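Take a look at the structures below.
Each of the next two complexes has subunit A plus one more chain, namely subunit B in the first and subunit C in the second.
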Partner chain A sequence: MAEYDLRIDYYPTHELQGIEYRRGHVLPFGATMVPNGVNFSVYSSASTSCSLVMFERGEPLPFAEIPFPEEFRIGNAYCMIVFDLDFESLEYGYRMDGPHDPANGHRFDNSKILSDPYAKAIGGRDTWMASPDWDNIYPFRSRLVFEDFDWEHDRPLQIPIEDLVIYEMHVRSFTMHPSSGAKYKGTFAGIREKIPYLKELGINCVELMPIYEFDEWEHSKLHSDTGQQLVNYWGYSTLNFFSPKAGYAASGKLGMQVDELKTLIKDLHSNGIEVFLDVVFNHTAEGDHRGPTISFKGIDNKTYYMLTPEGYYFNFSGTGNTLNCNNPVVRNMVLDCLRYWASEYHIDGFRFDLAAILGRAPDGSPLNNPPLLESLAFDPVLAKCKLIAEAWDAGGLYQVGNFPAYGRWAEWNGKYRDHIRQYLKGDAGRVGHLAQAIQGSPWLYPTRGTTAGINFITCHDGFTLYDLFAYNEKHNQANGENGNDGCNDNESWNCGCEGECDDTEINALRYRQIKNALTILLVSQGVPMIYMGDEMGRTQHGNNNTYCHDNELNWLNWALKDKNADLFAFARHMIVFRKAHPVLRNRDHFTYSDYKNTGFADITFHGANPYQADFSEGSRVFACMLNGQYAKNGAETDDHIYIATNSYWDAVVLELPQLPGGMHWHTSVNTGMPNGASYFDLGQEPVVEHPKHFILGPRSAIVLIGK
Partner chain B sequence: MKVTIQETEAAVIAAIEGSIDSKTAPDLQQSILPVINDRNKMVLDLTEVTFVSSAGLRVLLMVYRQLKSKDGKVFLVGVSDEIKDVMFMTGFITFFEITSTLEEALASN
Partner chain C sequence: MAFTITSEISEGIAKLTLSGSLDSSSASMMQLEVQKVATQSPTALVLYVSELEFMSSAGLRMLIFAKQKLGTSVQIYIVQPQGQIVDTLQMTGIIHSVHIVDNYPA
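Entry: the complex of A and B
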């Protein structure tokens, strides 16, 4: 320590109210522990003055408020080191003075204490749904965290993206249901308890719905008819981009959410499971001109938000405001934030909510070469992270297929979802779409390869997989918006009865359709994503927008795993099958040629007869054969795989393509088998006895392997 | 917070009383680290510990790191359910050997 003590910046130069301080360092922004004290640095371009406001944890009034002397301001940053603070019990914020002139973009309000945009933890919502003190003069308080977590040998896993099976999940929903059996229900620690389940299912990546600190009480209300408490449950409304949600940590009330989340990530990694975060950089929780002033609005409104020429908020997010992410200062904050999560939390990838917004200029127009997206794509720290865009926004910008990719951005393939749904419910003229989807959508990504697309049929937005085949219409009355919320183009089909029914045939068809969907999803080129619970038939009772429910509409009912054991086993099999067959996981698109002279092209298309695919309007049968000699684009060898699907109401007879001498077709999957068993374990696949007369059942799918 | 150090042939035993938080952690650290020396077994008796904060857990981890560098082990004795819970949630528990009694800790390798 001796040599450090020689540095003069470890000693105070100023004193006020018994607090000692000195000029600080401009970078890094935020509050950083330094020897003997804490360095505070905050950016604001238009404020006239700023003070640091400090509280003992939980106290209603501050213990000190120190104005930044003029000489502590370098450029547009205020910086100060304060000595002898108890960093565990400290809560801090800023009070900024400046013009309140909305027409010119300024909304300074010196009556407010503001959260630090670079805070590493936020106090105020430490326990999920604990009653807030509505009169708190500073409800969302910046805190410091320890950043010395012992990761031992851990680092992000860097599994090739085409080998991932992503599982989208909500932290609280996963273990909150009483049936979960978890000790730490609804938390990061709860997920950790369920790692054996994730391993059993076989997924190797979890994508967590938003875990940045948000306010579950935001826009909370009681349902006008039922009196039920409705809350900001999903959390797509960020309070602070660097802070994990304390209410998602069993130890959040003790301020240990950072360690708890890091422990979860470390344990998931040691079990071979990557961690993606669903990040919401398109807007914040401050809403529009009627919304609260929490942080950005009071620190530098004009910098952080896209404003109309009159000073109102552009609303491309559909939630009131739009983060001005191509402003250089905001762009740097986003970059700092992602680097922080990648380096400090070992996050493997990010899914960007409404990412089309990230390509908009400050005036809202789409940019040809968006600097933020380019910066992220070429960033040295993020170089191995997966970057995934939800390539549309609520302002009408739809970029699936042409999101600025810079050779590495992937997209949620919304077209895949729509086309597979349409095909499965029996729409005419969808065989060509299905053929494209199974190949990894070369029509959308002709130059980007299969890994540009994240394939999904369901996600948190919309119906669950069970509901997709149990409801024609959304049933959102419970959301308290008179059924006006949620999308109407669900492309769903109830199989003959709206909602729950006792009809054995309808129920059997529903589960067969779920299996058909899982089959197509897990044999498609590209990156499959499963929504939490679909592997066991989770229902939201027809609600396609459960954003506001902290109850069984969202919580995963683990009893379904036993009730639908057959479905769970099937989902598990499909994942095992995908992992066992590299021919399903190419990076580049098929070439439709046989450049290795193996006797077949890498992919061939078939119908009821071999090599006679029927893409006509009336066709509902599709088959293709993947040549095992071209697995991983020819780098590996695999079995041949034949996939056939039928969305017609009656069975069809197929003639299978002939295999090279000595090889036979074997059945791995047949969702239409009358006895109920719809798959065979790896290595146990029976030989197909009549390859010229294979009966493909009504609304069924088969997967055969040739060996 | 109070620490009582006892050195036996088998181990260094530190009995801690009170709360281990950011206010008391530096004192605890200063009491324990110097007595580790070249010993490879440390027993921390937490029977009388009422609370361990984030900073407190880090002192325990620092002791672990010191012992680990000598292929040694740290035993925790008398950990309350509440503290055990916190140590599980935050992952710290994996670094330590937990026993219910001091005798058990001393008898273990």
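Entry: the complex of A and C
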């Protein structure tokens, strides 16, 4: 035995089969390295007994199973320190006994070995899509990790949220395509290889779709017609909230996923790019009463899940079960988890999947003052993290605009997405909504400012930006669900032909529409979010729900960057333009007044004629002018910016608002220019040909700067 | 495979020769050697690793430990690493903190 720490509380008092142990510390929960040993602590309120089950890494049978003596149980927690364990080769779990009484919420099963809810790594899914051993008595094994990573001087970047350009991406999809050129395809290390690309594009925040450990084999099946293997590709089904997905790490088979992910984050930070995680706390991979027992279900089912009076699972997530987030024990687990990711992984922000669920009481009713949301908002460790809600759930609770924010929470602005899509396809009566959207949706967030809204037109759910203008209908046949999956209200328009076509005019229109969308997105107040690949015209061939495809439907084809070089250059320009113009990044809403006596209000609205905005049903033309003297709500000075859009099928002649003496309008963006040239580089913007008039092409957008 | 390590200081250069598997069970041996050579304030650390077959997460930590113990100005050279060791260093980014060389002096 190694030389012991002199502290009496790190000295063994018990021994079983040569393994020495003693009563442990209740907190923190989970497995924690202590001098000469590991402290194990797990909560369970209704179990009658618990054993610690330990395996050598990968071995089919445990090398030891130690029952927690009664005196090791403090309150509802079992705690034990076991000495002389090999941190790297140890896999552990718990065997809990207690009533199997589903009607009263209890599902204990002492034949199961259970993963630790606080495990920092999970073994058993070390390599993506490796065939599982279905006879494994403990397939998802809790493991220990070192937490002494050398961060050097790194810390979360704390970029003001209004200055972010978020890039939503899937870890595996980003570099898995053969065209990526990455050495470590489909992994965290692969993303590191592509950091120069992210910098070239100009984004300063990546939002990673779920990276918590999940089981890609969950609900896997073969397509009945094509025989194609369908899997849980996106990962919105958490196995463990503290563990990064080993299969996303090139070094996962060596158990180094933690090092690899932290290295990625450190390198992204050193390149000025924040890292957000898309976190899924609304449900788990255990599903309903028919699902497997992996962890929570066998540890304390009644605590961790929302149950009906009959003991079945409420299903506000649409996936079988709902985590009981406002139970104090579960609330603390969520807090512990996010604190861990913020402190140990230097995560800059979190996007909460189906966050409306987090505001529900254990019986499913919406709470007026949800304790979990309040706790997260005021948590000292999370104080600088961005918190973003997907403010709806599958149970029908839709809270966009009124998610309990506590001055902290932002929301995915689903209304923005819908209204911009409707405007772009030319629907009538949308100009007023466009005006609101470009201002940062003051109608939704009158007191919360522009940064309450994360603006997006596309995301992982739904059509890509290219498909938005190439398909009227979803084409989800590859999913094997007879087209029953995926949303039907896409607000898309195929520009005259469903899917791929050879018509030059239609294709030109599609790319113009993409540019129009990017223009609106990146000049809108609020926080823009781009979905991976939209900057190079990525297509899912009309599939608006590619959750189950580990293939080219999801993988980013990097050849598109060359094929659609003009589009990529345009997207890059719009990001550069946004970053160069602080007047596009106000934190507070416009006042519609000239409180600094500059000669113009901070924002003015226009139509074909200056100061005559047309919000009527038949109008499809909108223009606004941002006063550069009111950049960052008056704290900075910028150029004047004039934005005009036309979703009408004919050109219109705009009369431009006059600028103060000596100033001229210059063209930065004009998506209606022929031959694909749609923008001018910063500092190279030409003076507009006619000082008073501008022909705004059909289905086009322009951005002029006054200087 | 069992881990072995030897060390020597020559003209201010610390030279460690490693073989076998550097993991959590053997990392403490390397830690002791690094601490030992650190007392003589070497100007560089050279790791001869052609016989090192595996490096785990605990092994990576020993490189970082060496960097911190000796000071960031002391360069670390890794001589003739096997492919898997290079992969490990690449995947986890540690490769940027060391010099991979065929011979020392390079």
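Before moving on, here are some points about what is shown:
Assume the second predicted complex is superposed on the first by the 702 of 707 C-alpha atoms of A that agree within 3 Å, B and C clash if a C-alpha of one lies under 4 Å from a C-alpha of the other, contacts with A are read in each partner's own complex, and residues count from 1 in each chain.
Note that in this section a contact is a pair of C-beta atoms (placed from the backbone, for glycine too) under 8 Å apart; a residue touches a chain by one contact, two chains touch by 3 or more.
This one's a predicted model, so the numbers in the text were calculated from it and none came from an experiment.
Once the two complexes are overlaid through subunit A, subunit B and subunit C clash, as defined at the top of the document. Of the two partner chains, neither subunit B nor subunit C is touched by A:203. By the touch criterion defined above, A:382 reaches neither subunit B nor subunit C.
In the superposition on chain A, contact of A:89 is made with both subunit B and subunit C.
Across the superposed pair, subunit B and subunit C both touch subunit A at residues 86-89, 146, 148, 150, 184, 187, 189, 249-251, 254-256, 259-260, 263, 266-267. Residues 86-89, 145-146, 148, 150, 183-184, 187, 189, 192, 249-251, 254-256, 258-260, 263-264, 266-267 of subunit A touch subunit C in their complex.
Only residues 21-23, 53-55, 57-58, 61, 65, 85-86, 88-92, 95 of subunit B touch subunit A when the two sit together in their complex. Every residue of subunit C that touches subunit A in the complex is listed here, in rising order: 23-25, 56-58, 60-61, 64, 67-68, 87-88, 90-94.
Residues 86-89, 146, 148, 150, 184, 187-189, 249-251, 254-256, 259-260, 262-263, 266-267 of subunit A are the ones that touch subunit B when the two sit in their complex.
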